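Structures for review follow.
Same chain, two partners: chain A is paired with chain B first, then with chain C.
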Partner chain A sequence: MAWTKNVLRVNLEAGTCTTEPLNLQWAQDYLGQRGLATKYLVSEIDPKVDPFSPKNKLIFVTGPLTGTMAATGGRYSVVTKGPLTGAIACSNSGGYFGAELKFAGWDMVIFEGASPKPVYLLINDGQAELVDASHLWGKTVWETEEIIKTQLQDPQIRVASIGRAGENRVLYAAIVNDLHRAAGRSGVGAVMGSKSLKAVAVRGTRTDAYAPANPEAFFAATEAGKKVLAANGVTGQGLPTYGTQVLMNVINELGALPTRNHREVQFEGAHDISGEAMHEKRPTDGKTNLVTNGACFGCTIACGRISRMDPGHFSVKDKPQYHGASGGVEYEAAWALGAANGVNDLEALTYANFLCNEDGFDPITFGATVGAAMELYEMGVLTEQEVGFKLPFGSTEAMVKLAELTARGEGFGKVMGLGSKRLCTKYGHPELSMTVKSQEFPAYDGRALQGMGLAYATNNRGACHLRGYMVSPEVLGIPVKMEPQATEGKPAMLKAFQDLTAVVDSAGICLFTTFAWGLQDIQPQIQAACEGDWSEERLLLVGERIWNLEREFNLAAGFTKKDDNLPPRLLKEPAQTGPQKGAVSKLDVMLPEYYQLRGWTPEGVPTAETRKRLGV
Partner chain B sequence: MKITLKLFASLAVHLPRAARSRHRTDLEVEPGATVADVILQQRIPPGQCAIVLVDGVWVAPPERAARVLAEGEVLAIWPPVAGG
Partner chain C sequence: MQKSLHLDPNKCTGCLQCEMACAWENHRSFTIAKSRIKVFTFHHEGRFVPYTCTQCDEAWCMTACPVDAIRLDPVTGAKIVLEPTCVGCKVCTIACPFGTINYVASTGKVQKCDLCGGEPACAKACPTGAITYVDADWTGLGKMRQWAGKTDTNPATV
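What follows is the complex of A and B.
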């Protein structure tokens, strides 16, 4: 069986760790990872609970393909009620931690309550205990991981931890594993901090904890899947060589690169911060920013960027701890730290990204919040006196300084840690926050790409590109090309993407496989791994069920149709340049059709028939 | 007639050496030249032309032989790439 059938429940208040059997009926209904943990969370907490209350729970969860020979089978998710949005939060990470948790024999770990003192959870196969972490509190992610490995004299332990941002409850704090892979969005790290849980350290060596239901079929299906990834131009060549960062010039040429807090849709410095630029030798030291690519557990794509900074760059000149190779900027981070603020210094972006990894906070929300602060500053609403320094668009020094202050929770960094919605509201201009459900947009303009605008507005965890990646059809022509400004067919395509993505996120594999894989490639792997009949139709039904369960949670938490919206800037201020010039979001055209396709009322509530059909 | 040719990622090798770091060059083409003509003239493998934009607008493979370029237009091409 591809599930270990074991759930570890950790009561942080009582300091206990207990084992319970996995609810196998729920596994059949929700598959694993995102879907299964959402089912547990929804069943165990009040949707209206304060995200920082001990009554909120935090779930680390793997999927049935996690820790298997399926390509990219190393994913895990963290599910909780998010503090940035107040909605369901589910953040997905790669690296090696997820597979190690499965090797130790656990499908999921449920944290409940809050510890009276800092602790970390140590898992050694079937043994689990809470360990005093007083000596780790105040340490960065990088320090924490090193200290734990050194103290336990085991370099093969895998660690997922929070840095100072999580401790300080930065509302977009991340949980970072393997030094630079992160459950990055929606503030799951802040919930961890609120529970005084510093880290989860895992060593897994079991070979008997789980096995595919049909080993021969699983071997054949996973081998076939790897051949498809290797033969595909995107997953076999494009992503390994240039990473996601290759999109910078594509999206800019298309006029869909949000610039300076979405005031513009093209950035004159895009080339300077692009994937291509990471390959070029710096004039200062003759070396490239990119050192090599990197892969997560079981990944045959290897899109990760490993970068080394110019040691003479002003941001790290006297800081040798940043002179080594570490996790470089991916596309979303490079956009948020760069174009969103008008900053075109690749080295500064890399440094800020290092800080996000080191102290655990989401570079997308952070960078977008810098953009909002810069606009407030240029309007004269936010002053040099309040910030402590000048904050014009394009100021590399200011962006770097804000990253340092946010990481340490000092000065204006405390305000930055609230995210752009609360920042802009505090200064009387909530309309300048480029968010949906209080979470910041990623790197595609919702005016220029109509389908992405709809995806943002309807996303269950707030603005995010990873729940229905309409960039694929609207920009890349995968699986079919759709015109960016067209609205026809977009609601149906988005619904299909959202449901399929929920399946991928619940299986234990990486979403990037879907640049090459269709459901016909994924289904045989799940079918061979898991007991039962897992037809394509059933999998899509599972995906739809997960989407609706998340929706129901949000509705019960107090969200309504009015939250399925975009900022006025995207609805009323036309794109000023490029091929999408004149465009505004046509959300009002698409949203009613989307609700109808979902089987929801005009108010966005699942009908009784839909609930019955999905069993939600 | 002058156009601008932009070649990104691994396609940059088909640009003059001095133009590769900026991924762009100005190109003199015959009036009436199509997107497919430029791809052929510059010896860019057609199978590697996954994303082809003229002034930011997508040109699908079947349209490339018919899409005539105009003075000053920007032809930008990428191999198969993606992100997220």
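What follows is the complex of A and C.
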């Protein structure tokens, strides 16, 4: 069976670790990972709970394909009620941690309560214990991993931890595993910090915990899947060579690259911070920013960027700890740290990205918040006195300084740690926060790409690109080409993408496979791994069920139709340049149709019939 | 023709498909802790290096074994651990200069790469060609070709 059927429940208040059997009916209804943990969370917490209350829970969860030879089968998710949004939060990460949890024999770890003192959870196969982490509190993610490995004399242990951002409850703090892979968005790391849980360290050596239900069919299906990934232009060529950064110039030329807090849709410095630029030799030291590409566990795509900075760059000149190779910028991070605030210095972006990994915070929300703060500064609302230094658009020094301050929770970094919604509200201009449900947009303009605008507005975890990637049809022509400005057919396509994505996120594999894989490629792998009949129809129903369960949680938490909205800038201020010039979001045209297709009332509430059909 | 595993770190991405394939082949489990091939990450250098037994011609593990539990497979050239004979004394793990023969506590025996009887699962699973199974006499052929390509034999372009 592809599930280990074991759940580890950790009560941080009592300091106890107990084992319980996985609810197999829920596994059949929600598959695993995102879906399954959401079902547990929704069943166990009050949707109105304060995210930082000990009554909120934090779940680390794997999927049935995690820790298997299915390509990209190494994913895990962290599910909780998020402090940035107040909505369901579910952040997905790669690296090696998720598979190790499975090797140790666990599908899921549920943390409840809050520890009276800093602790970390140590899992050694079936043994789990809470260990004092007083000596780790105040340490970065990088230091924490090194100290744990050294103290336990086990270099093969895998660690997921929070840095100072999570400890300081930066509202978009991440949980970082394997030094540079992150459950990045919605502030799951801050919830971990609120529970005084510094890290989870796992070593898994069991051979009897799980196995595919039908090995022969499993290898046939996974090998076929790998061939499809290798033959595809995006997953076989584009992503290994340029990473997600393959998009920077493409999106800019399309006029869909939000620039300077979404005031513009094209960035004159796009090439300087692109995937292509990472391959170019620096004039300063003759070396390239990119050292190599790297893979997460089981991944045959290998889109990860491993970068090395110019040691002479002003940001790291006297800091040798940043002179080695580490996780480089992906597209979303390069956009947020660069275009969103007008900075075109690739080395500075790389340094800020290192800091995001080192101290565990989300570069998307951070960079977008820098952009919002810069706009307030240029308007004269934020002053040099308040910030401590000048903060104009395009200031590399200011962006870098803010990254350092935010990680440490010092000075203006404290305000930065609130995210743009609270920052802009504090200074009287909530409309300048480029967010949905208080979470910042990623790197695609919701005016320029109508489907992405709808995706942002309806996303259960606030604005994000990973729950219905309409860039695929609107830019890449996958699975069909849709014109960026068209609205026709977009709600239906988005619904299909959202439901399929929920399946992928619940299976243990990476969403990036879907550049090449359709459900027809994924279904045989799940079918061979799991007991039971997992037809394509059933999987899509599982995806739809997950989407609606998340929606019900948000509605119960107090969200309404008015939260399925975009900032006025996207609805009223037309794009000024490029192929999408003149565009504003036509959300009002698409949203009613989307609700209807979802089987929701005009107020965005699932009808009794929909609830019955999905069993939510 | 004798073949040998050829490891090319420049092509390795650290995906660990090889480790899972090895563990599955020998333990019917994907748990990489049981793999006989390991990929090492040198994070600050941005390098991933696969490493396993190179099947020494003069195999010190085989010489050191007091019970003759390590034998030569004449077809593949692999040095193979005979599990029923192995007494788990671990002397071979001391004798091996490279660390590629290791004790398995759960079985009480040692394990090392046996080339899967001539069809190494790691090479089959590697998606980038970092692990290949090639003519043992010509493991340098790829590098030779690479350097050969850099020689300029066309004077017109000088």
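Going forward, the second predicted complex is superposed on the first by the 616 of 616 C-alpha atoms of A that agree within 3 Å, B and C clash if a C-alpha of one lies under 4 Å from a C-alpha of the other, contacts with A are read in each partner's own complex, and residues count from 1 in each chain.
In the analysis below, contacts are C-beta pairs under 8 Å (C-beta built on N, C-alpha and C of every residue); 3 or more make two chains touch, one makes a residue touch a chain.
The structure presented is a predicted model; accordingly, all values stated were derived computationally and were not measured.
Asker: I'd like to know which partner A:245 touches here: chain B for first, chain C for second, both or neither.
Answerer: Touch partner of A:245: chain B, not chain C.
Asker: Figure out whether A:578 sits in contact with chain B (first) or chain C (second), or with both, or with neither.
Answerer: first
Asker: Please indicate which partner A:555 is in contact with in the superposed arrangement: first for chain B, second for chain C, both, or neither.
Answerer: The answer is neither, since A:555 touches no partner chain.
Asker: Touch test for A:541: chain B only (first), chain C only (second), both, or neither?
Answerer: In the superposition, A:541 contacts neither chain B nor chain C.
Asker: Which partner chains sit in contact with A:589 here, chain B, chain C, both or neither? Use first/second/both/neither.
Answerer: So A:589 meets neither chain B nor chain C here.
Asker: For A:271, using the defined touch cut-off, is the partner it touches chain B, chain C, both, or neither? Pick first, second, both or neither.
Answerer: first
Asker: Looking at the overlay, does A:147 come into contact with chain B only (first), chain C only (second), both, or neither?
Answerer: A:147 contacts neither chain B nor chain C.
Asker: In their shared complex, at which residues does chain B touch chain A?
Answerer: Spelled out, the residues of chain B in touch with chain A are 6, 8-10, 12, 21-23, 48, 50-51, 53, 55-58, 60, 74, 76, 78-84.
Asker: Hey, which residues of chain A end up touching chain B in the complex?
Answerer: Contact set of chain A toward chain B: 232-234, 237-239, 241-247, 249-250, 253-255, 271, 275-276, 280, 330-332, 465-466, 469, 471-472, 475-478, 481, 483, 511-512, 515, 578-580.
Asker: Of all residues in chain C, which touch chain A in the complex?
Answerer: By the definition above, chain C touches chain A via 13-17, 20-21, 23-24, 27-34, 43-48, 106, 125, 127-128.
Asker: Quick one: in the complex, what on chain A touches chain C?
Answerer: It is residues 67-69, 71, 96, 99, 103, 156, 179, 203-209, 211, 226, 230, 240, 291-300, 302, 304, 306-308, 324-326 of chain A that touch chain C.
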